[in-house]
């Protein structure tokens, strides 16, 4: 399951999507809206996606995870639009026979998602709003000034 | 040739449009398209160092050649965060 | 929240227990009943606890995790009695501002739980049943022959 | 002195009881209690190398001295698994 929608993400549904009788471990990651960032009081986050490409990139992350770790299933759900404080913008679930693979693949999936999946975050804070990563003078998150492949 | 351009997030706000169509010379590459757009919208210029590109939903380098009908997305830095 | 009960574990409830406005990440681990183990066809698992001590040890794992990582909240729920294939016997959730702490603390919590929390697992398989870890000749999971502290 | 003994899981099945009370000499330690129980229930003996102990819900070593009223749990290897 790789999906993008505007509704709140149902964690139980993402977990159910990776259920497998041979799985002894399921790990999940939820990215939630924090009430503060770099000293600013955040009021809400707003996400925008290039949905067709984002789904394709999420699917590619799943394929890479399956190649690198002996996992059973992986699912990624991303919410777009307004995500209030405390709610989840992204939920990833991974199942595997033993827990090491599920932990490592889940960590890989969120790290990679934040690097390559075309989804953008606008932070609304007391006194303004900003597209994270697009402030003037910013370069790529890793510090590169060249476009990523 | 004609390509379809998609703007997202901060770039969409800078040009006040989410999509556009552009006529380009045959043989033009992604970088040529970017330069054309920057001339039309000088507000894009400061993003030159950080923008990425996708052609038909795959990341593409600036020297990738474009073809008639391509969908070119201008991709500002993705959400990031730790 | 540190609890032991006989009912199926509600993942959403464990996740809700670690909700915090300053949390940007929530990780969870679910230990689920696998349909096979060491070549045997497993039919179900049965868990037994020393509940008062198990809760105290789970709480201690939470305290240690809080000391070692900058986490917001941690919750552990363990089910006892029969746990059918695919259902969760244990759910751990950890919240933190940034994801590294939540991943590391969650992994620590399940590793430690399996070492020290007095809960036992009886595997029922085609043709028999066995208390895992108590087969004659067995030593501690880590290979030690001395009791753990 | 008198201590309260708790048996769990495989040990509970071996002695066919989940708890018991035992009278011990003053100064007896956890290991003394275990030896007493093994004499009564020879089926416990093979667990000598793997059993752990808790006194009043805290892990305890074999040489820990017992006191009147202590709750001593015999703890077979916990569920483990990876």
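A, B, C and D are the chain letters, set down in written order, and residue numbers restart from 1 in every chain.
Simple rule for what comes next: a residue touches a chain if its C-beta (ideal position, glycine included) is under 8 Å from a C-beta of that chain, and two chains touch if they have at least 3 such contacts.
Since the model is a prediction, treat every value here as computed from it, not as a measurement.
Chemist: What is the distance, in whole Å, between the centres of chain A and chain C, each centre taken as the mean of its C-alpha atoms?
Modeler: So the centroids are 25 Å from each other.
Chemist: What is the distance, in whole Å, between the centres of chain A and chain D, each centre taken as the mean of its C-alpha atoms?
Modeler: 49
Chemist: Roughly how far is chain B from chain D, centre to centre by C-alpha average, rounded to an integer in Å?
Modeler: Centre-to-centre distance between chain B and chain D: 72 Å.
Chemist: Would you give the residues of chain A that are in contact with at least 2 other chains, written as numbers and ranges?
Modeler: In chain A, residues 24, 31, 99 touch at least two other chains, as defined above.
Chemist: Pull out every residue in chain B that's touching 2 or more other chains.
Modeler: Residues 81-82.
Chemist: With chains as vertices joined when they touch, what's the shape: line, ring, star, complete or other?
Modeler: Basically it's none of the tidy shapes, so other.
Chemist: What are the touching chain pairs in this one?
Modeler: Contact pairs between chains: A-B, A-C, A-D, B-C, C-D.
Chemist: Flag every residue of chain A that touches chain C in the complex, lowest number first.
Modeler: So the residues of chain A touching chain C come out as 11-12, 15, 19-36, 85-86, 88, 95, 97, 99, 102-103, 106-107, 110.
Chemist: Quick one: which bits of chain B touch chain C in the complex? Just the residue numbers, please.
Modeler: 81-82
Chemist: Show me the residue ranges of chain D that touch chain C in the complex, using the header's touch definition.
Modeler: It comes out as residues 6, 8-13, 46-47, 49-54, 57-59, 61-62, 73, 75-82.
Chemist: Which bits of chain A are touching chain B when the two form their complex?
Modeler: 31, 47-48, 50, 52-53, 56, 114-122, 131-134, 136-141, 145, 147-149
Chemist: Quick one: in the complex, what on chain A touches chain D?
Modeler: 24, 98-100
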